[in-house]
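The next part holds the structures, each set out as structure tokens.
The following pair of complexes shares a single chain, chain A, combined with chain B in the former and chain C in the latter.
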Partner chain A sequence: MSTAADGQAQATAPASGAASPPLARHRLGPRFWIPIGWTTMVVVLAATANLLPLHSPIETDFTVISNWPDATHWFGTDQLGRDIFSRSVFGARISLIVGLLAPAFGLGVGIFLGMAAGYFRGRTESIIVAAMDAIMAFPGILIALAVTAYVGANIAILIFLLGFLTIPAFMRVARANTLVFGQREFVLAARAMGATHRRVLALEILPNVAIPMLIYALLMVSRIIVTEGVLSFLGLSVPPPQPTWGNMIADGQADLATLPYIPFIPSALMFLTVLSINLIGERLRARTDFRGGAL
Partner chain B sequence: MTHYFLRKLLRLILILLLVTAVTFLLSNLLPGDVVLALLGNEATPAAIAQVRTELGLDQPLVLRYLHWLIGFIHGELGRSYITQVPILESIIDRLPVTIELVLLSQGFALLLAVPAGVLCAYKVGSRLDQLISTAALFFLAAPVFITAIMLMFLFALELRWLPSTGYVPFMTGPLSNLAHLALPALAIGLSEWPPLFSVLRADMIKTLQQDYIALARAKGLGPAFILLRHALRPSSFTLVTISGLQIAAAIVGALVVETIFGLPGVGRMLTGAVYNRDMMLIQGCVALISVGYVLINFGVDLIYALLDPRIRDEYGR
Partner chain C sequence: MTKASTALLEVTHLVTQFHTPHGMVRAVDGVSFSVQRGQTLGIVGESGSGKSVLARTIIGILANDGSPTTTGGIAFEGRDLLKLSEPEMRDVRGKDIAMVFQDPTSSLNPVKRIGAQIGEVLTRHLGLRCRAAEARSVELLASVGIPLPAERLHQYPHQLSGGMRQRVAIAIAIACEPKLLIADEPTTALDVTIQAQILDLLRRLQRAHNMAMILISHDLGVVAEHTDVVAVMYGGQMVERASTRSLFHSCRMPYTQALIRSAPSLPDPPHTRLRAISGRPPDMLHPPIGCRFNPRCDRATDVCRADQPALSPSDADGAHLYACWHPVGAGEVLP
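After this line comes the complex of A and B, so read on.
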């Protein structure tokens, strides 16, 4: 108990010495809360898309072809008369599902491998690191492209594939953090009290490694959203008429000169979402780095 | 150094075998039968069997891989199912476009990242630093296809300064060639400079705190001289390291941007092959680009080791 309090005291000490007032360190500020607000809104809309009174994202209505945004169609309609607002909300689903689950998969496998490598060292570490290096040597997007081209894409394949490609990065972060915490006294104490390796890993190391991993995962979420965007822009994500931000942009590109709102709206949504997640991740990372520095 | 080089070379060969094996296996293990794609769904079983024998599909997988690999090394990538043109020939035809695009885009990226990184490190925390760092954050969040479409809309369709699509070979009209490549290259460059900028800025800030920089200042050397002659080189190691990542980004960039701007490069050929389900062409392109990617990364690693002896000492033992 007392060690935790000491850690806290140490962590706050440098803040008071810094130029900015100590409270400012604890406030996350609008650069954190505005992105949180935006991301929350996108997540809630995407999650409740089925329950909302939206136009159908797939049904075509030839009476309202290529209508600029107005009161009935907030974001206008596309070249087939489909409601862009509704397509944007349903498109957000794909981006978010892939963007959250792929890093979750990579995180799960990566944290396991990274902790094993960083804790057991020796041959286990060499083998894991070599295998991860081999994966990293691949131009991931090309392999993803080839697989989706051969198999045809569905959400499960995308999640597995893009998640698989994130494993090495997660492994590295987990290993680096395990190396640091594995040397600490509380791990030695646990071992001395006769704790098994499994117990030490799960109860002593995992809680410490988990926080930096989750923040890293957040940055990975935005990267995967972009990658899924590229694939679906190229027509290699979930097949049409299912909307994704990427395929909406690709469809809109043909009429860029006359109907720019069609590609611009999903572009803006994707941009704002990726920017928001990056800002949240950056801010959280800055805060934990600061604490980590005092350890 | 020799020991380091041999280890690296061994690793390179293993990785190349792995990469080619994966590309080969992808087209052979996954569903989407090549023969059906070739003959259509109404092919008779006899015709299917005949084509399978012709293509050697009735042999064991390992033999087929070795056979394919030997062909690959000799540059025999087979022919496109659709156009019947040898794949290597098509790739060589289109490679100059892609290489020019990638080089130009890397030029743009460095032209943006290096001055910005040096300047921001020199004036850390200033208005300018905040402005440029925020700009980098924005561009980092803009995927290359979004940047490309915005550039096309603004400079080609609205302002009409540059052509929106098409391509002119450099030999036919150098100026027109550059005009057609300017926007595509800028699109890739704009989406690639933020990571370059932020690593250079961070390393440069660290370098500028070193004693020898203080000494240079004390000697009365000007800031420009110190920044460029004393600080830039030791600050650019990380920049070189992440160029591997940059190559991957450039490949994605070329794929997307060539498709958007209608440039006849390898990227557009590959996306076209995907639309047409031209499996042989996909396999050839992916294998060749992957091998190129691995080789370039190998080259970067070697250059890095030559630049910084600590690296080869660390891994050489």
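After this line comes the complex of A and C, so read on.
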């Protein structure tokens, strides 16, 4: 990355007295690697859940109703005697699948619309921006409520719905970046060498826009995980008995005073996962921020 | 098609207009000139005089939002470029006419390796594949004076200095041995010693390939040294055109004279005030009636404020053209 070198040169010049800041900027540090470790663990557990020797997340066992965490049930059991550790791992699946695929869908459509708007300008831009403003004017949670109430909830609908709601945000980021890069002379130069618009967009602008877009998508992942949690809590995500973090929290609500671990465990998992993804995204964003370097 | 016509590029009464929310702007207003094979035409003028728009009109890369319209004729080897379809024009760009831009920090894509950026043109126009393209890229980089060319192919633009980047941009432009190279202020962003190197490089390449060049600059020194013919632009119009020698020796248009006088000269004692041209460049939304230079011209009279002067020949063979009602006399040119 050019910013790395430029940034170093710039940072070293003024900080002649203190030698540590430029170094600190380039080391990712524990605030990056601990979140990476946590996220990796959650992803691996969720991906291999079927293969692990876990209790069933769905089967009820009336001999161990509402047991506090112990050696056999690490996270305890809920009011129906289901193993909370197992439910947490299977619940992570829903959060991660929705959390990754919905922004991916939004990113794909948003980057396409945003680059078209930022590059072609004129009427194309007006129409796209107006359409996105219209989507953003609706409260997202209401659309989600309406759709899941009428169509019913399954994971594909959830992904499509939440992905759709992220399109305007991705479009805005893509458009803003395309406006910046579209005015660089290398775009003119490419056209002066006989490149088609499609080629300029795909080979000149997209590689430049992709980096900020991917980092923005990472931050969007954590927002979608929270939103999916809210929908689950309201009973509008994947139907029970399939566990999700959101419906586990909802299940624990009734006995909050006596069995606080039941809602606390999925809440903590969601909190740590979302925090980790945000920290990773923020760190990467700071490192690849072009505004500092004179490219 | 008259391929035997003498001029490589023949521009006739070219008008480029932009439709802006505030009204119509004629950035290029009735410009005519021709460029012979192997010749260098210099275009000089202040910022906003329409030099860059003229260059971009010729190669057909004005803004893509549909706001500019172009009329007139741009005949290149007898073909009218304005009548070519976009796919036909794409074959001309880069192959027959190439362009070098002002700022080498932004004319190369920061996220692509040098090799990929050169290779693209070779693949696009000459159909070269990996190996051949790479070999040719190395040759090209060597020909523009870049040391260790094979290693540079794998580097990114930020790893090169400004002068080196401009050499890469030139290598890309000459990759297909174009017949016409448009250099839009190719040295403005570089420091003076690098400027001289780049201009010498352009001249050397031009001679080697018998390439015609349009050199756009606001630096009169650059133009005086590196061109055969000079055209002076003011407010989108061409106000004087002559051989370089004739222009610097006996310019007729007061604007040209003011421009030449405003350049600092080394023999002047230190702290000599520059003779700036008073006033501002014309507002292109509402250009002055009559001669566009009249509000800033000390020779202006009523006729200048009423009618636009036409380009008229200054000498018998018609090589020196100027547009002025009260031209500078042959004897009173330089202070």
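Going forward, the second predicted complex is superposed on the first by the 270 of 295 C-alpha atoms of A that agree within 3 Å, B and C clash if a C-alpha of one lies under 4 Å from a C-alpha of the other, contacts with A are read in each partner's own complex, and residues count from 1 in each chain.
Quick note on the criterion: a residue touches a chain if its C-beta (ideal position, glycine included) is under 8 Å from a C-beta of that chain, and two chains touch if they have at least 3 such contacts.
The model shown is predicted, which means the values in this text are computed figures rather than measured ones.
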>> With both complexes overlaid on chain A, does A:286 touch chain B (first), chain C (second), both or neither?
In response: neither
> Which of the two partners, first being chain B and second being chain C, lies in contact with A:275: first, second, both, or neither?
Replying inline: first
>> Let me test your reading of the model: by the given contact rule, A:186 touches which partner, first (chain B), second (chain C), both or neither?
In response: second
> Looking at the overlay, does A:203 come into contact with chain B only (first), chain C only (second), both, or neither?
Replying inline: second
>> Tell me which touches more residues of chain A here: chain C or chain B.
In response: B
> Once the shared chain is lined up, is A:65 touching chain B (first), chain C (second), both, or neither of them?
Replying inline: neither
> Where on chain A do the contacts with chain B and the contacts with chain C coincide?
Replying inline: none
> Can you list the chain A residues touching chain C in their complex?
Replying inline: 2, 5-6, 119-122, 184-186, 188-197, 203-204, 207-208, 211, 294-295
> In the complex of these two chains, what residues of chain B are touching chain A?
Replying inline: 11, 14-15, 18-19, 22-23, 26-27, 30-32, 137-138, 140-146, 149-150, 152-153, 157, 247-248, 251-252, 255-256, 259-260, 270-271, 273-275, 277, 279, 282-283, 286, 289-290, 293-294, 297
> Which positions of chain A touch chain B when the two form their complex?
Replying inline: 133-134, 137-143, 145-147, 149-152, 222, 226, 229-230, 233-236, 246, 249-250, 253, 256-257, 260, 263, 267, 270-271, 274-275, 278-279, 282
> Tell me, which parts of chain C touch chain A in their complex?
Replying inline: 56, 59, 61, 63-67, 90-95, 98-99, 101-103, 105-112, 120-121, 124-125, 156-159, 169, 172-173
